[in-house]
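Listed below are the structures to be examined.
What follows is chain A paired twice: with chain B in the first complex and chain C in the second.
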Partner chain A sequence: MSETQKVSASDNKRKNTGGTTILFFLIGVAISLAVGWVIFPKLLYLKKSQPIDFSHAVHNEAVGDCDSCHFFREDGTFSGSPTLAQCIDCHEDVQGDTEAEQIFVEEYIAQNKEVPWLIYSKQPDCVFFSHAAHVKKAEMSCESCHGEIGTSETLPIYEENRITGYSRNIWGKNIAGIKKHTWDRMKMDDCGECHEEETGDKGSCFQCHK
Partner chain B sequence: MSKGSKHKVKKFGMVIDLDKCTGCGACMVACMSENNVPFKENESKKLDSITWMRVYKLENGKSFPEADICFLPRPCMHCEGDRGHAPCVSVCPAIATDYDHNTGIVSQIYTRCFGCRYCMAACPYHARYFNWRDPVWPEGMEKFLNPNVSPRMRGVVEKCSFCHHRYQLALDKAYAEGRDKIEEDEYQTACAHACPANAITFGDLNNKKHSVYRLKKNPNTFRLLERLGTNPKVYYHSSREWVRRAGDNYLKHEAAKA
Partner chain C sequence: MKIDRRNFLSLGAGATAGLAFSPLPWKLMDDSSIWTQNWPWAPVPTDGEASYVDTVCSLCSGGCGITIRKIGDRVVKAEKKDSDNANSGICILGLSSPQLLYSPSRIKTPLKKVEDKWVKISVKQAVAEIAEKLKGLRKDKLSHTLACISGSSAGTVPALFERFLTAYGSPNFITVPSVKDIYKLVFSLTCGASCIPAFDIANSDFVVSFGTGLLDGWGNPAAAFKAHSILKDNKKQLIQIEPRLSNTAAKADKWLPIIPGTEGVLALGMANVIIGKQLYFNKNVLFDSVTEGFEEFKALVEKDYSLEAVSNITGIKQEDITALAEDFMKAQSPVALFGRGEGSTPGSLHEMMAVNFLNALAGNFNKTGGVYLLSEPDYINWTHPVLDDAAYYNINAKRLDGAGEGKYFLAKHLLNRLPEVVNSSKTSPINFLFVTDSNPFYTMADTKLVEEAFKKIPFIVSFSSYMDETASMADIILPNHFFLERYQDIVTTCGLKPAVGLSKPVVNPIFNTIHSGDAIISIAKALGGTIAESFPWDNYETCLQETLEAKKDVMDKELFWIDESGVSNAFADSSGKFEFINDKTRQTKPYIFVDAQGEKKKYPLTLIRFDSMRIASGYTANSPFMTKTVADTVIKENDIFIEINPKTAAEYNLAERSKALLTTPKGKAQVRVHLYEGIMPGIISMPSGLGHTGYDSYLTGKGININELIGQIEDPASGFDAAWGIRAVLARV
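Entry: the complex of A and B
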């Protein structure tokens, strides 16, 4: 065999494989997309249930107002998630027949142990957020940032990012970052976007950081 | 955010009376505990230690009976430079430090900082410190950290923030009470609170009602290395000429500014 024959033989081979190469390339792209958009987000978030199920609907009727459980302290800070002090008046003994209430009374109230609630909206440690500025000064509703949690029947599943440890509510449920409501996502740019709309200024770093 | 809501711009600053300072170090201690600054295994290793507020000792170099000393507390100067062009802010490649035009406070965002330390080289006051290690607190002390100040990690720069978290909290209280403005005594730094000699006065340099406004106008008031153009917001006061002279590098024949 001469040199020229060798070359043309391998040329032939290359032409035959052209179609299959493209096919494998497309399959590869499809697999990568599936991994990136579907499988990875599933793996990334660890699903956790709240320690006990809690119905806002039931309690709003019984209590009447959000601020008997979520209130402003005298120094202007926000109490956030309730402590046992807000529950004990009604739940010293089991009054209904739900399992959730029984667990709550027996495992927490009776042992005087605080419920380790998972906070959906929890921001990273370096972030400063002020409920007073939004709820009192700007008179925004709870719903505008938290969605329907305040009127829900059950607490949603909490999803924790396995890498950062942050709640999924920060990044949002939509992996492509599409946002329909204010509460769909609460990243730095979402805070800044609204601030720019409302006040014409994104603010300096120390406004929201500590 | 005040641009939109039409408040008067604030410029927080400090006047430190060096004639009153006894060098007790209470400001340094108060600052460390307020701002979650960790202890070091060996605090005598000064390259390693972190002191947002640091008291320096100055001597006039004369012998008895003219010998005199002066203690000089040094926080971050929160330089305004030329319209916010502070030395550290202008060199930061990550915008991890910015100049807040509404308060005049120079921020440091630890999570953004990647530890290049240009700002430390740029700062003429040595007010910036680098975390060579992750903080280690004595057993049990982590439970007593200040929740309003985020702790720092290895590889980032930190510095005095004029306790700006106290400003955030003061605003919170004002908003909750339906007010927009805060009073002078509602926002004070930890060092100003702690000083037993009342040598440190803190407030809004733009506000005629605040003591700092009056104190900074005293002819015996000076700033450190003023001629560099850093335009610092920490003023010092001393009735002693040699102390005022020590505030900058004057040539022998030059008279001190004040």
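Entry: the complex of A and C
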């Protein structure tokens, strides 16, 4: 074998090795991206159904506004999800013929047991949030944070973060945290963003973390 | 294609690079930070609608009106009741009531000790076993060997226990003594009638306090704080006389450090100045017409309490004594207060009488800013219990504590005598003991002596809500509901206007506990016969409703009724005058002031206790919340600190935080040292309320119970425990 042939064989080998290295690098990148973007969100969130289904649309039509059920108490605190006390007036007896209604009346109303609703917008306990300040004082609409849930026919699947125990709605459906609407996410940065827009300042820690 | 190590490395590098462009690391970081805030043991406030319920706190004898904030069924906060009523208020112990309600050291069900281990039993079984034992005792004609130690003598629950003992046939109902007992004695001896004092601190213009802890837990602490604030707002004077710069002393206009135990001597020295300078005439008091024994008293103070002698004994300069006496008499409405610290120890009768002579010389009885002499609330008008022959015979047996007879003729109850009485008998003269609303094994001085006595008593039933020191010595525990779970009338009579408050349940009982009132009614019913007949009520609530029927409206509205009507029948009996000296007091003359126990040579220092609002030292123990507020110059982890003047510390070669061995005639303890300018040289002080051995890991072993180091001293005049301290010695370790 001539000298020239020898050199080109070793060059080829090097080229091949370089190509394989890049290939493996790209495979690594691809696996990570697939894990990070597709598999990880699936593993992170546990899908849970609500104890019974509920149509906001039907109720909105029947009772009027959101605050018929999600009202402010006399002392200014916000009632959050309704308790049986609010439902019992209309639902003492089964209304309509849905399965959810029947379960609600028989298993909850009749047994005076509160429905363990899974709360999509429940924030960690280290956060203090006043609905009164936002809804009454700043006159924000419910949709600004809660989206169009008020017109929904059925309750969405509740996705529970296996690490934190909170709903996926806090981080947002988009795993990258990208949002299109104000109600797509409920993280601290989203609060800060709105506060900055409205008040010119993100606010201080102790405003919310008491 | 050959795959080698390099390929794997590049796969890893690619994966790492890829990860950086995926949301995984950023999301995991965010989630794990939230996860760290979600420890299962971190307390999380309950969500829901808030409701507010008013009730009366009974964690000490203060009986404050408080408001409980609830979310759903959960108590989340206790706060002062929003009312002008003097009894509305709250202290740090009351604030802790939610923590105490849900405390892990609560006893959750009746317990019975079997071979030194606690076994859970039902309420029914506990009542049946107690009744069975009591039946046996009665059969053996030993009903007088049943005794009951009660935290208080006022109100329906103590009255039910006393009634039970009477119907059963025992005179041995004994209450935990406090300065209230001495107050009653002082006034009944000098004013000729049974009455209790209400010091009108708020309206006074010159308050001389002989160690009374106005801001350290005395009386009804919340009302005392309020009265003090009014006094300060009115820019009136408070002079505090005590060896240690307490919180009260620190807020006073003047602090006069005094050699402990000589407060009565100072009062008589002041009386001598007042009489010598005829200052009392300035008050237009015609002593001969309104007092008895004045000349005899005058002769006594002139002879034995000259300025020079008093100054030598008390350590207060002669000119300061004179100035104090003059300022006191110059004031429009002066008042002299007595009862050390929070008043948990009765103290020396003569010392208290001596201070009260200043009130007499100022002529301030039943006057604004002075001392109102009031009758005790008297609203329990039950028919007499039904007595069968056995009961009738045995209730006339001699009381075990000797109270009411011989040299103890002045006292009604003498709990402090009990350990000695039990220990000095071959077999315990008490066969069966009820302990209610009290923790005597912890709160009584001379723990070793008390322990010996408790161990000797064959059968003890505790009604405590907590596994306190006394409950852990019991044979059966029938745990009471916590005060937020029960109805009860609370009588407040310590030094301020007497009031009756109504504790109302705020939540349903959380555990399988039973109201002590119901427990004693059930035991009576299980015993049957005349004992059952003596308890005609179905349950405690009916009994309380019936008793308070006449006051229902007031109570429903305000929770309180303050007995204003009760300007007592003081001065109505005997001479109708204030009696400086009379036949009764002559029996206990001459004035003897109680000295500390221990040889001065062997124990050159004097150890005194101090009370603090941050440390509960009575029946209710500290909550974890309260312990957190205690400075680390008082307790650090488990080490207790003694306060010592830097000069004295230097003599013993002790520096701040040095470890030392504290020895008294009663015991030894390892302590740490805190140098404090606010304590007189030669004196060392230690807080009361620490060193529990019962309760839970939050309290057990924290510091030392000062009662282990201090003995009892029987007051020669009354028989009560009059010890205010003990001699001690320190050695560096």
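By our rule, the second predicted complex is superposed on the first by the 194 of 210 C-alpha atoms of A that agree within 3 Å, B and C clash if a C-alpha of one lies under 4 Å from a C-alpha of the other, contacts with A are read in each partner's own complex, and residues count from 1 in each chain.
Here is the rule we use: a contact is a pair of C-beta atoms (placed from the backbone, for glycine too) under 8 Å apart; a residue touches a chain by one contact, two chains touch by 3 or more.
As the structure is a computational prediction, the values presented were derived from the model and not from experiment.
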Clash-or-fit label for the pair chain B, chain C on chain A: clash
Touched partner set for A:F128, first chain B, second chain C, both or neither: first
Which superposed partner A:T164 touches (first chain B, second chain C, both, neither): second
Chain B versus chain C, judged by how many residues of chain A each one touches: C
Partner chain in contact with A:T77 - chain B first, chain C second, else both or neither: both
Which superposed partner A:L44 touches (first chain B, second chain C, both, neither): second
First, second, both or neither for A:K210, with chain B first and chain C second: first
Region of chain C that runs into chain B when the structures are aligned on their shared chain, from 56-64, 218-226, 434-442 or 470-478: 218-226
Chain B/chain C common contact set on chain A: 75, 77, 124-126
Interfacial residue positions of chain C with respect to chain A in the complex: 1, 3, 6-8, 10-19, 21-24, 27-28, 30-32, 34-35, 37-38, 44-45, 47, 49-50
Chain C-touching residues of chain A, taken from the complex the two chains share: 16-17, 20-22, 24-33, 35-37, 40-41, 44, 73, 75, 77, 79-80, 124-126, 161, 163-166, 171, 175-177
In the complex with chain A, residue positions of chain B that touch it: 1-5, 95, 98-103, 105, 107, 109-112, 148-151, 161, 164-165, 168-169, 171-178, 180
Touching residues on chain A, where the partner in the complex is chain B: 72, 75-77, 124-126, 128, 130, 132-133, 136-137, 195, 198-201, 203-207, 209-210
